[in-house]
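After this come two complexes, each holding subunit A, first together with subunit B and then together with subunit C.
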Partner chain A sequence: MNLFSREIKAYRKSLFFWSIGMIALVGSGMAKFATYSGGGQSMNELIAQFPKSIQTIFGLTGFDLNTASGYFGVLFAYIALMATVHAVLLGADIISKEERDRTSEFLFVKPISRLKVISSKLLAGLSNLIVLNLVTLFSSIYFINYFGHGVSMNSDVYVLMAGLFFLQLLFFFVGTVMVALIKRPKTSASLATSVLLVTFILTYLININEHLDGLKYLTPFKYFDAKNIMTDGTLNPVYVVLSLGLIVAMVFVTYRAYNRRDLSI
Partner chain B sequence: MNLGVGVLSKEDSGKTVDFLLTKPVSRAKVITSKLAASICLLAFTNLVFSSVALVSAKLISTASFSSKTFLLVSGTLLLVQIIFLALGVLLSVIIPKIKSVIAVTLPTVFTFFIIGTLGSIIGNDSVKYISPFKFYDFSYIIEHNTYEIKYLVIEAIFVVIAIVASYIIYIKKDIRAVS
Partner chain C sequence: MNAIETTKLTKYYGKSLGIQDVDLAIKEGEIFGFIGPNGAGKSTTIRTLLGLIHPTGGSATIFGKDITKYGPAIKEEIGYLPSEVFYYDDMRVIDLLRYSGSFYKKNPGVIAKRIKELAAYLDLDLKKKIDDLSYGNKKKVGIIQGLLHEPKLIILDEPTGGLDPLMQQRFFDLLRQENKKGVTILFSSHILSEVQKLCDRVAIIKEGKIIRIETISSLVENAHKRFKLETVEKIDAKPFADLKGVSDLVITGNLVSFLYRGRINDVTKIIAGLDLANMLVEEPDLEEIFLHYYQKDE
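Coming up: the complex of A and B.
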């Protein structure tokens, strides 16, 4: 598994910075909660002053922002954004790296099948995703307990992080699929991020306009929506099955497409 | 921002930097031309966006509104784009080897975006100085029919410093020849 350890080493620095960024996001987010809820002024009153459309844009409706769990639900949207950006870039980069850096000729004449190469790379990518997820999990639990006046919502956090992991997986494989299908690495990376951006904007549009509710199957952010997860206390099984199906399909396409296509040297 | 980061670093990643820099054109002129081209591109997209938005708004809107104010608001897009362009160019000369432009652009832009939105949810005023997305407050523009001067000044100062620094760094920088 030499390839696996090489990939891990290559992404060490990047993973480190992303983890720091994530910790900073969760930390500063919860710190703001502490300063604000301690200030005596009810945040709910403040938010209620915003017009309804602005509230839905920020995903603020339906959350009691005075509680740590409600506030974290809003913060989760941004945590998810960071994590999915990381996942998509990782997925696109890890496969297209070879063609972008012109090392594919070197790598693929080695006595290792393309299948094995992809598997090692995907495993390395998955390990990165798991690490980021755990960093988010631990920093969330730590900061919520530190700033949240001892509110116990650990079980909610666990479920949210599980949902986050599915989101990461989904977008990671969107990245790999794009690269596996398209020859030019730059185009594929941009395409993958466009998918992310479009689904993200779609989430906001659906929030604003209730008529578009049927479109929620098109955007993964809606599958693992913080509000629903925290009210239910668990992930919605329909969405979990849907995500698993998508992930399996994308893994299959990644392998097949990359195996078959001509690699540009 | 993609434009800003890509315009200089793609010479390096596309291995054309040798060819370009051995021509009898000074490095400063190279940067100037690239910047001018990028600004033209941004201005053009902004023009298209503003005109389409203005026309659709006039067609759809039931109440009358001032076109000037509308154009001012859509003009904030260009102003924000220029900040990110300058930031991108600066980053591209500072970071030695950029393998993937989008891996630099996307996290940066999203970070500023998140800082901006989280800050405005909290009502924290200092984010207005940090995140370019929040420099131009729409309600102020609509009320006063003009931009807030201090933010224009901040933007101008930042853009000037970033561009000048990029020039200086790029002119003095050692650039690796294509092997």
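Coming up: the complex of A and C.
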């Protein structure tokens, strides 16, 4: 419990600023919708004049931008990017910082097993993910309602946030796995963020080039694509199962590899 | 029962050697010195004992319990002070020490009392932030966090760096007090005089291998002196070369330099016959002992 509360305290400030950032992203995003829709000009017609590749790059295809829900669908890609950046950094940082700050000679000579250390840290990390997810949920509901003139799409938002949570979990554990496998804290953190970046770019490549559709299993951003979620009104069970499998595997590797490897001092 | 016992303890970092076939048996209640030049494997041995790194061969027990199987249980009884101390910069000293104490089963009230006593003894302000402490004061935090749970085994890895002579004295007194209560101490250092002051026995490690385990008294008896003589006339090498106990003899013109181990009288008799311009007798440093004494004796 002492380690858990220490970690919660250590990330309090950072979580606060990420939350502010998330509220600002959702708020300013939806505020733009208010200006566009207030202008009387049809966004869809304007967007349609863009080349297809530009449309896909900005994630504009398949959404009705005249509606608050369609607009939020576009915005979700950016929300997901922000939340996953937070998750991957948190995952890498929370495990590796004892080695980075050279405090491992303090913590790991205490009568506590490495498995317990990991458990406490993972729990503290998960709490952070949940808080950021809830902040996103509430600010989304609030701003959609505020700028969308009373439009209600709460059920869509709930499902999207569930998808977002899966994304957060996946990338959080990408971070922890990298640290568990790689001894040098700086290398592991940059590798983890590289994974995020590559999968994010891959998502756009798949969107632009239909021949690459087979690669969609390689990027979690495709698992929880706003367009599909909002059309189906639910998460795709195949992707949910796939995600759960990946999460379990990464948790397992995190514990096992970290327990076995030498700490860098 | 031995406090620490290692059998052929070996650690390779990939292909490079950390330590090889280290056999130690440290008795309960003993102050055991662990000496060797930097990079000889002292820290590697200690970190392996503490489970920070895993051995690649051999085994070790602390109070009869295997280090790899019973890590957390063993550490309940160990206090550790690393050579360089790093703590969470954003914490105050008292918070860090309380946090440190919270990991042990011992009663928090007892620990709090002990923190206060030790801080007063070492003259440390508990309200300061870790970040604002000087290196020496951080070291004091390290000492307290190593002792606050009244461990039965204290492991110190080059602990004196950053402490001024007065504090070093207090720290050594503190260790002697603990030792009187029956606490075992493993004291690693590359400074021979430090180890001589405190320890009963000493293990000498070089390039990852234990080359000798001796009592401090025999170490002192076997102590070498380095002689450096400058004479007015050219020196005949023969009397020195013939004298038993002389090693590393170098003669260049009017300068003689050698290491001597044995009765001082025997060497002064020879020196008395010379027309000296200058003379210097000094304790060889550890490196020299390793280079000229232990290597040749092996």
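By definition in this document, the second predicted complex is superposed on the first by the 265 of 265 C-alpha atoms of A that agree within 3 Å, B and C clash if a C-alpha of one lies under 4 Å from a C-alpha of the other, contacts with A are read in each partner's own complex, and residues count from 1 in each chain.
The criterion applied here is as follows: a contact is a pair of C-beta atoms (placed from the backbone, for glycine too) under 8 Å apart; a residue touches a chain by one contact, two chains touch by 3 or more.
The structure presented is a predicted model; accordingly, all values stated were derived computationally and were not measured.
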Taking the superposition on A as described, I'd like to know which of subunit B and subunit C A:138 touches: first, second, both or neither.
neither
Classify the contacts of A:109 with the two partner chains as first (subunit B alone), second (subunit C alone), both, or neither. second
Quiz item: When the two structures are overlaid on chain A, which partner does A:262 contact: first (subunit B), second (subunit C), both, or neither?
Solution: second
Taking the superposition as given, does A:204 touch the first partner, subunit B, the second, subunit C, both, or neither?
neither
**OP:** Would you check which partner chain A:101 touches, where first means subunit B only, second means subunit C only, and both and neither mean what they say?
**Re:** both
Going by the contact rule set out at the top, does A:81 touch subunit B (first), subunit C (second), both, or neither?
first
Q.
Going by the contact rule set out at the top, does A:6 touch subunit B (first), subunit C (second), both, or neither?
A. second
Overlap of the subunit B and subunit C interfaces on subunit A comprises residues 101
Subunit A partner, complex, touching residues on subunit C are 13, 47, 50-54, 71-76, 78, 80, 82, 84, 86-90, 99-100, 102-105, 145
The subunit A residues in contact with subunit B across the complex are 18, 21, 25, 29, 32, 36, 46-47, 58, 60, 74-75, 78, 81-82, 85-86, 89, 93, 97, 100-101, 186, 189-190, 193
The answer for subunit A against subunit C in the complex is residues 2, 6, 10, 101-106, 108-113, 116, 260-263, 265
Given the complex, residues on subunit B that touch subunit A span 99-103, 106-107, 110-111, 114, 117-118, 121-124
